[in-house]
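You will see two complexes here that share chain A, one where it goes with chain B and one where it goes with chain C.
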Partner chain A sequence: MYPLVMPTYYIKMLSLFLIMGILALSVDLLWGYTGLLSFGQAAFFGLGGYTYAITIINLLCKVVPESLSHYTVTCRPGTTYLPVMLGVLVPAAVALVLGYFMFYGRVRGIYFSIITLCVPLILEYVTTNMVEVQVGNIPIGGYNGITDIPIPALGLPGAAIFPLDTALRFYLLVVAAALGTYLFSRWLVQTSFGRVLVSIRENEGRTESFGYDVRRFKLWVFTIAGAIAGISGLLFSTLGSYISPWSFNFVLSAESVIWVMLGGRGTLVGAFVGALVVQLLENILSGAFLYYWLLILGLGFVAMVLVLPEGLVGLVREWQFKVAGRAGEEQIAAEKA
Partner chain B sequence: MSLGLFVITILNALSSASILILCALGLAVIFGMMGIINVAHGEFIMLGAYATFVFTHLLSLNIWLSMILGALAVGVVGIAIERAVIARLYGRPLDTLLVTWGLSLALVQVVRLIFGPQAQFLSLPLVSSITLAGVTFPVYRLVLVVLAILVVVLLLWLFKYTDFGIDARAVIEDPSTAASMGIDTSRMYMLTFGIGAALAGLAGAVLSPLLNVDPTMGQKLIVRAFLVVVVGGAEILSGTVASGTFLGAVDSYVSYLTTPYFGSVALLAMAILLIRFRSGGIFARNKE
Partner chain C sequence: MGSHVRSILEVSNLTKAFKGILAVDGVTLGVEPGEVSCIIGPNGAGKSTFLKLIGGFLRPTSGNVLSDGHDITHMLPYARAQRGIVTKFQVTNLYENLTVRENVRIPAQRWVLTRKGRSANRERAVESRVSEILAEIGLAERQAMRASHLSHGERQWLEIGMVLATQPRVMLLDEPTAGMTPSETRATAQMLKRLVTAGQTTMIIVEHDMHFVREIAQRVRVMHMGKILTEGSLAQVEANPQVRQVYLGQA
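Then we have the complex of A and B:
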C-alpha cells in the first residue's frame, strides 16, 4: 500500500483528506439521498471534536494552569473508547433534538438549509466567547481552542494498551473509519429505510400520501448524518491534537457541500472523491499559484456548475452509459435508485 | 431607565436595523423576484465600498457622489454577471447558489489581488454628533436611518407606481402568465438582478466609512442579510423591513446587555425561532 512508503507529512495529509471525506459523506446522505441540503454539518463535526477533546482530557489528563490562558496538560496513557463513543453520541443527540425541532415543525426546503446554516454559527460565536469556561478540568479556550489532545489508543483498559502513535497507525484508523461509515451508508441506502429516503427526495408529498411518516425518516437520517459528522470531527481533533471554533466555520460547511457537488451527489463514493480531489487541488494550486489559487478555485466552481452539474462521478456514469449501451443503462438505473 | 438611556437604546436599535435593512434589501429583491439566493451579495456590498474608496481617494470626487457612482457601478457589474452566468441557470436555484458561491470566492480574491488584504480607510463624511435628551449620537448613523427609510419608500414607489414595477410584480407572481402577456421575463430578471446589486453596492458605499473596508467584509455581512431575507419571507419590502427592524433591535439590545458576540447569538437564535414558528416569513398566514 502506498502509505507504507510515504513520509509522515503526506500520510497526515491523506488522513485529513479522508476525514473530510467522512464529513462529506454525511452531507451526501442528507442531500444526495434525502434531498435535505444541510449547510451545518460542521456543527456536528465541531461538536464531535470538542466532546472527544473534553472527555479524553478529563479522563486521562491533569491540567495545571500556568498563567492566564496558559495550561500544561500532562496525560497518562489509557484507552480511548469512552471519548470516542461520546464524540459520536453527543453530536447525534444534538442532531436528534435539532431535527425534532425542525422536522416536527414542518421546516423544509430552504428554511431547513438556513437553520442548519445558523447552528454552527451560533456554536462558533459561543465557543469563541467562552475562554475561561471549564468543562470538567479543561477550559474551552475561546478562539484558541483546546490543544494537546492525546492520541487515541486501543486495547484493553488497564491491561494492554496500543496507542496509535505513529502517523501510519492513525491513518489506518482513519481508513477503517472511512470504510466503516461508507459501508454502513451503502447498506443503509439499499434497505427499505433508504428507499423511503429517496422517495422523500423525489416527492415528499407523495411519500406521505403512501402513509409514511416522513418526519420520522428525516429525523433518523439527520441523526445518523450528525453521528457521522461527529466521527469525522473527533478524528480531526486527534489528527492535529487540536480543536478550535474554526471547526464550526461556515466555510467548512460550504466546502463539504462543494465536495459532494463536485464528486456527484447521491453516489456516496462521490463524497470521498470530491473531498479528495478538491483538497488535493487546493494543496497543489496553493503551492504553485500562491496568490491566484483561490481565484482559480472560485472560477473553477463556476465552470463546474455550468459544465458538470452531475459532478465527477456523474461524468463517469455518463461515460458508462455511452459505452455500455442498454445494459449499462439498466445498471445505472439500478444504481441510482 | 433614564430618558437618555431610553433614547440611546432606541437610536442604537434603529441604527442597527437600518444597516441590516440596507444590506438585505438587494438580496430580498433578487430572492423575491428570481427565487435565488445570491451568495455573492456580500461581495457586491464589498465592491460598493471599494468603488467608493476608488472614486474618493483615487479620483478625488466628493464622497456623496462617489457613493452614488459606487452603487451604480456595482449595478452594472451585477447586470454583467447576470447575463454571463445566472441567465444560464434559470430554474436551477441550487446550482445558482453554488455558482454564486464560486463567484463570491473569485471576487474576494480579485479585490485582494488588486488592493491587497489590508483594510482601506475612508473618513466619515459627517463627524458631528447631535445631542438628544442628554445623550450624544453620531449624525452619520442618523443619516443612515433616514437613508434606509428613503430607499424603502423609493422601492415602494418603483414597485407600485411605475410600469416597470407593475411588470416586475407580475413576473414575481406568475412568470409564465406574465410572459404570455408579453412581458420580457429575461430582461426583467436582468434588470432586477442589476437593481439588487446596485442596492448592495449602495449599502457597501454608505457603510464604508463605518466598517473595515477589506476584501472579506462581505463575508461577515452576508449571513445576517440572508437571515433578514429568509425571516422576512415572501413580502419583499414589508417583510425585509419588519424582520430587519426586529432582528436589528434584538441584536442591539442584547449586545448592550451583554457583549456583541451574544448579540449576534441572540439574532441567530431569534431568526431560527422565527423560521421555525413562522415558516413563510413574518407575514405568512399560519397554515397549520
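Then we have the complex of A and C:
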C-alpha cells in the first residue's frame, strides 16, 4: 500500500524497477531454466517499445511536424489493446524467426550468446540511422527516438475509456504485468514443458536421446521470453513517453544478465530482487559518490559473484535447506530417543 | 514355406570410417522382436561405434538402418527415440544435479505425455510410472537423493531405469555392467531378464562380462576389426576357433 502515499518520483522509480524485473524474468527463463545465455533480450525489449509507440501514435494521434527533428503529437482518447497486443506479438514473432534459424541451424553455447549479442547491436545501429524514416505518420527519429508516446488506456472501444494517466494508476498496471508474467513463468516451469527445459539446461544431449526435439523446446521458450521482454519494453516506452535506440543497447542486455545472476539464477523471483537491488544501489551510489560510483558498483558485482554465486535468493534457499535439514536431523534424533 | 519373423531392426552394409580407418566395416544383421542380442569382441572392435550408429549419435559413412522397414539412417537421435530405439551409454550420462526421481521423470513423461487423455490423469500416470521404475531398479529409497551422490552401480541402474521409463521397443545397452561388483552384475542380469520374460523389449547389448552374457544372451555376435566375425548361440560362438583366437582365448 506504500505507493499510495508515495511521491510521484518514487512511484515512477518503483515502476521502472518492476519493468526491468520483467525484462530480467525473460533472461531467467532462458538462462536460469534452459541454460541459454542470451545477451539479446534488449532487442525484444526495444522492439516491444517501438512497436507500441508506432502503433498507438498511428492509431490515436495526429503528428504535426515543426522542423526536421521536432513534431507535435495530439492524441484523442482511445483504448490501447491493439498496440499492446502488437507490442507483445511483434517481438515474439521476431524471436520465433530468429530462434528458428539458430536452433534448427544447431547454434549452441557461446555461438548462441554471440548471435544474441549481435542482434540488439544491429537494431541499435539501424534505428539510430533511421533519422528521416517515417512509419505511417510518425518519424522514427534516429538517435532522438520517438517522444510523446501516449499512456495505455483500458475500457471499451467507443464507450468508457480509462486512461492510466497518473503515476499510481500506471504503477498498478506495471504491478499487474509483473505479477502476471511472474505467475505465468512460475506455472510454466512447473509443467512438464518446464521440466524438459531444466533437463536441457542440465544435459541437452541426454534429453534429446529420450525422444525430445530439444530445438522445439528451445524455440518455444525463446519466443515466450521474447514476448515477456516485449511487455517490459512497451511498459518502459510509456513510463517516460519515450523510446530511443538506447533501448536496444548492449548495456541493458548485460545488466539484465547481472540482475539475474545477483538475484539468483533459476528462481524467477531473483530476477525482480536483482533488478530492484542493483537499480536501487545505482541510485544511492550515484548520489553519494558522484565520480566513483560505477567503480564501487563494479567491484560490488565482482565481490557478490565470488561470495554469492547462487545469488541473493539462492542464499535464502540455502539457508532454508540448512534449517530444514537441521529440523529433520533433530526429528530423527527425537524418534531414535 | 517357413514362417518369417520380420526384423524390428535391420542393418545393411553399415560402415563408419574415421579419417580413413574403418571402425565399422560393412555390418549387415537383423534383430527380431523380443530378441536379446549381445555383441562381444576385443577392445577397439567397433562395438560401441556400431551401437552409436544405430542410436543415431554417429552418421554412417555408408549403409542403411531400417526400423520396422522404415529407413532411419539419417534420422536424428530424438526421432529414433520416438520410434522406441533408446540408448544407455557406456559412461553414465545422468542429470547430475537433479534428484533420482527427477532423472526418471524426464524420460517417463516423454512416453506418457504422447498419450491422449486429461492432463491431470496423465500427470498421475507419469508419477505412477516413475514409482514403478524406481521400484524395478531398486532405487525407490534413494529417489530424493541427487544423482551425483549415487554409487557407481546405482548410477548404472538409474541409467537403465531412465531408458526403461521411455517404454523402449529396442534398448541399446553399452556395457550396462561396467564397473559393477559381481553381485550387482547378477542383479542387473536378473532385472533385464525380467523385462525380457515380460516381453517388454528387444535388447542389443555390448558387453565384456561373459558371465553376464551367459545369463542373458539369446544370440551372440562377435565383432572384430569392425566386422561381424560370427553369430549364433553362446555355445556355437564359444566353439568357434576363430573367436577363441581373437577374443575368448585371451581371457
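Criterion: the second predicted complex is superposed on the first by the 325 of 337 C-alpha atoms of A that agree within 3 Å, B and C clash if a C-alpha of one lies under 4 Å from a C-alpha of the other, contacts with A are read in each partner's own complex, and residues count from 1 in each chain.
As a working rule, a residue touches a chain if its C-beta (ideal position, glycine included) is under 8 Å from a C-beta of that chain, and two chains touch if they have at least 3 such contacts.
In this text the structure is predicted, and so the values were computed from the model without any measurement.
Engineer: Name the contact category of A:315: first (chain B only), second (chain C only), both, or neither.
Structural biologist: neither
Engineer: After superposing on the shared chain, does chain C or chain B touch more chain A residues?
Structural biologist: B
Engineer: With both complexes superposed on chain A, which partner does A:210 reach: first (chain B), second (chain C), both or neither?
Structural biologist: second
Engineer: With the two structures laid over each other on chain A, which partner does A:280 touch: chain B (first), chain C (second), both, or neither?
Structural biologist: Neither: A:280 stays clear of chain B and chain C.
Engineer: For A:97, using the defined touch cut-off, is the partner it touches chain B, chain C, both, or neither? Pick first, second, both or neither.
Structural biologist: neither
Engineer: Once the structures are superposed on A, label A:179 by its partner contacts, choosing first (chain B), second (chain C), both or neither.
Structural biologist: neither
Engineer: Which holds for A:258: it touches chain B only (first), chain C only (second), both, or neither?
Structural biologist: In the superposition, A:258 contacts chain B only.
Engineer: Output check: A:107 vs chain B and chain C. Expected answer is one of first, second, both, neither. What do you get?
Structural biologist: A:107: touches chain B, not chain C.
Engineer: Which chain A residues lie in the overlap of the chain B contact set and the chain C contact set?
Structural biologist: none
Engineer: Under the touch definition given earlier, write down the residues of chain A that touch chain C in their complex.
Structural biologist: 192, 195-196, 198-199, 202-203, 205-214
Engineer: Could you pull out which chain B residues touch chain A in their complex?
Structural biologist: Residues of chain B touching chain A: 37, 85, 88-89, 92, 94-95, 98-99, 101-110, 113, 223, 226-227, 230, 259, 261-262, 264-265, 268-269, 271-272, 275-277, 279, 288.
Engineer: Spell out the residues on chain C that touch chain A in their complex, using ranges where they run on.
Structural biologist: Of all residues in chain C, those touching chain A are 55, 57, 76-79, 81-82, 86-87, 93-98, 102, 105-107, 109-110, 113, 123, 126, 162, 166.
Engineer: Residue numbers of chain A touching chain B in their complex, please.
Structural biologist: 37, 101-102, 105-108, 110-111, 114-115, 117-119, 121-122, 125-126, 128-129, 250, 254, 257-258, 261, 291-292, 294-295, 297-302, 304-306, 309
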